[in-house]
Amino acid sequence: MPDSLDDFQKSRAELNDEILNCGHLGIKRFFALDHQAYEPAALDTRTKELLGLVASAVLRCDDCITYHLVRCGEVGWRRAEVIDALNVALVVGGSITIPHVRRAFAGMREIQGLQPEVE
Amino acid sequence: MPDSLDDFQKSRAELNDEILNCGHLGIKRFFALDHQAYEPAALDTRTKELLGLVASAVLRCDDCITYHLVRCGEVGWRRAEVIDALNVALVVGGSITIPHVRRAFAGMREIQGLQPEVE
Amino acid sequence: MPDSLDDFQKSRAELNDEILNCGHLGIKRFFALDHQAYEPAALDTRTKELLGLVASAVLRCDDCITYHLVRCGEVGWRRAEVIDALNVALVVGGSITIPHVRRAFAGMREIQGLQPEVE
Amino acid sequence: MPDSLDDFQKSRAELNDEILNCGHLGIKRFFALDHQAYEPAALDTRTKELLGLVASAVLRCDDCITYHLVRCGEVGWRRAEVIDALNVALVVGGSITIPHVRRAFAGMREIQGLQPEVE
Amino acid sequence: MPDSLDDFQKSRAELNDEILNCGHLGIKRFFALDHQAYEPAALDTRTKELLGLVASAVLRCDDCITYHLVRCGEVGWRRAEVIDALNVALVVGGSITIPHVRRAFAGMREIQGLQPEVE
Amino acid sequence: MPDSLDDFQKSRAELNDEILNCGHLGIKRFFALDHQAYEPAALDTRTKELLGLVASAVLRCDDCITYHLVRCGEVGWRRAEVIDALNVALVVGGSITIPHVRRAFAGMREIQGLQPEVE
C-alpha cells in the first residue's frame, strides 16, 4: 500500500480517537449513528457505500471520497462500477466536481480492487 | 394522482421543452448527457436512480428529489429502501437536510409504489 | 399569530410525526440527536440556538431559519441581537444570503419577541 | 408586465426597506457594498451583471437569478447571450442547477429584452 | 507555538497585505466590514466569534475554522465550550463536516486556551 | 514559471488523461461539453472565461480558480479586471471565499499577464 493513503488512514484513526475520547457524548453518538447508517437494513451495505461515495463526491469532500472508495473496494464494487457511480456524481454536481474526480482516480491507484488493470 | 405532483410534472415538461427548443446546442447536449447517466452501463438504472436521489437530497434540491423519487418508484425500489437511502443522505448532509426529507415524505404520499401502507 | 408561521408549524409537526413513525430507527435517532444538540451542556441553550440560526442562515435553509428564529424568541434573544447575528451570517455567507435574510425579517414580524417595535 | 415578477419586485423592495431601516449599520454597509460591486470600475456594469447572474445560478438562488436577469435585460444583454451564460452555469454547477435554469427560462418570459421571439 | 499554525498566520497576513494594497476599494471595504462584524454591538465579540466558528464549520472552510478557533481562544472560550459548538455544526452540517472537525481538533492542539489537558 | 503552478498543470494533465482513457463514454462526453462551454457562441471566450472564474470562486474550488485564472491571462484579461471580477465573487460569496481569494492572489504571482507590477 503506498504512503499517502496509509498516512490518511493513520491520521484519520488517530484524530477520530481523540474526538471520541474528548468527553462530548453528542459527538460520540453522531459518530455511532454515522457508522450505523451503512450497516445492512432495508438496503445492504454494498449499496449504501456507493450512496456514500456519490454523496461525498457531489458535496466535494476529498477525505470522505477516499474513505468511501476504500470501503467500496472492500465490499466488492469493481473499478468500472465505481467509475460509473462517479459519472452520476459528475453530471449531478457539474465540472466543479472534476478536481475531486481527478483525486478519486489518483486515490484508486492505491486502493485494493479499484486499481487500473496493468497490461 | 394528487394535483401537486401532477402540476410539477406538467410545468417541468413544458419548461424542459422550451429549453430544448431554445436553440442552444450545449444545453441540449447537457440534457442528453444527464439522461444517459442513468441508463444501464457498469451499474444498472435501478442503482443509479438511488444514487441520483441521495445526491439530490444532500444537495438539497426539492425538484430533483421529487423527480428521482418518482423514478425510484418506477424502477421498483420499495418505500423502506428509499427511506433507508434518505437516512444515508440525512446523516451525510445533516439536520439542514431535514426540511427536504420532510418534503420527500410528503411527496411519497403521491408516488406510485412509495406510499405509506394503509391499515 | 398570523397564518403563514402557523401553517409552517403545523405542516412541520405533522410530517415530523410521519417520519418518526415510519419505522426507521436511524432517522429516529438522528432526530433525537438533533434535539439534544441544543440542550444545555458546556454551552447553554440560548447560545446554541443563536449558533443554529447562523448555521441555518449561511446554509440558506428558510425552514431551518424560521425554526431557529422562533426558538431564539422563546429563549429570550431580543430583536437587535438576532439582527446582529444575521449580520454575521450575511458577511460570512455573502449577498447570496440576502433573500434568506429578507425572509427572516418577514418571519420575525410574526414571531413573539422579535417583532419590530410599533411607534 | 405579468404579476409574479411584479410581486417579487414589490416584496423585495418592501423588505429591503425594512432591513435598511432596522438600525444595523453593518447590514446597511453590506447592502451598499453589494450595490457598488456592480458599478463600473476595471470592468463595466454590463460584464459584472452577467458575472452576478452566473454566480447566482451556480449557487442556486432563484431570487438572485431573477434579480440579475432583470438587470441583464436592462443593461442590454440579449436573450441568446444570457442563455449562453446560463449554459456555463449549467456545466459548472451540474444537473442540480436544472430546476433553477427552468425557473430562469420561466422568468425570462416576463423580462423586457429577454423574452422569446414570437413568430 | 508549533510551525503549522504559525505558517498559516504568516501566509495569511502576507496575502491579506497584498490584497489590501492591490488598489481595489471594494475589496478593502469588504475586509473592513468583515472585521467590524465581530466587534461588539447588540452582541458581544465573544458570542460573535463562536457564531463565526460554527458558520465556518458548516460551510466547511478549514482556514476560516482555524482563524475563528484562534479568536475563540483569545476571547476566552474554553475547550469544552468550543467542542460543544462544533457539535452543533456537526449535527447541522452532517458527517460531511467530520474531516473539518478532525482538522479543528488537530488545530486546537496548537491554540492557546483550547489545548487538551495533559494529565 | 514557478514550480507550484507547473506541478498543478502536470498533475492535472496526467489525471485528465487517465480519466479520458478509462473507458467511460459519459465522462468523456462531459469533459468535451465542459470544453465546448467556453468556445465562442453567443458570448465570446473571453467573457466566458471570466464567468468560469467567478463561478469557481463562489463555489470555492481552488483548482478550478487556478485553471480559469490561467485561461483569463491567456485570453487577455488584465490583472485589474480579474481583481474586479474576484470582488464580485467576494461580495456574492461572502467572507467564506476570502481564503480562496488569497490563494487566487498567490496564484496570480505565477500567471503570465496577471502578475503584480514591479516598481
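Couple of notes before you dig in:
Letters are used for the chains, namely A, B, C, D, E and F, taken in the order the chains are written, and counting of residues starts over at 1 for each.
The rule is short, and it goes like this: a contact is a pair of C-beta atoms (placed from the backbone, for glycine too) under 8 Å apart; a residue touches a chain by one contact, two chains touch by 3 or more.
On a predicted model such as this, the values are computed, not experimentally measured, just so you know.
Common neighbours of chain C and chain E under the contact rule above are A, B, D, F.
Two chain pairs, E-F and D-F, are weighed by contacting C-beta pairs, with D-F ahead.
The angle needed to superpose chain B on chain E by their Cα atoms is 180 degrees, rounded to the nearest 5.
Two copies of one chain, chain A and chain B, touch each other, and the residues they use overlap strongly: the shared fraction of interface numbers exceeds half. Centre-to-centre spacing of chain B and chain D amounts to 27 Å, using the average Cα coordinate of each chain.
If you average the Cα atoms of chain D and of chain E, the two centres end up 32 Å apart. In chain D, the residues that touch at least two other chains are 24, 26, 30, 33-34, 37, 41, 55-56, 58-59, 64, 80, 83-84, 87, 90-93, 95-96. Judged by the touch criterion defined above, the protein chains are all mutually in contact, each touching every other.
In the complex of the two chains, the chain E residues touching chain B come out as 58, 90-97.
Touching chain C in their complex are the following residues of chain D: 12, 15-16, 18-19, 22-24, 26-27, 30-31, 34, 55-56, 59, 61-64. Of all the residues in chain F, the ones that touch chain E in their complex are 60, 80, 83-84, 86-87, 90-91, 95-96, 98-99, 101-103, 105-106, 116.
Interface residues of chain F, counted against chain D in their complex, comprise 33-34, 37-38, 41-43, 47-48, 50-52, 54-56, 58-59, 64, 78, 80-81, 83-85, 87-89, 91-93. Of all the residues in chain B, the ones that touch chain F in their complex are 24, 26, 29-30, 33, 36-37, 41.
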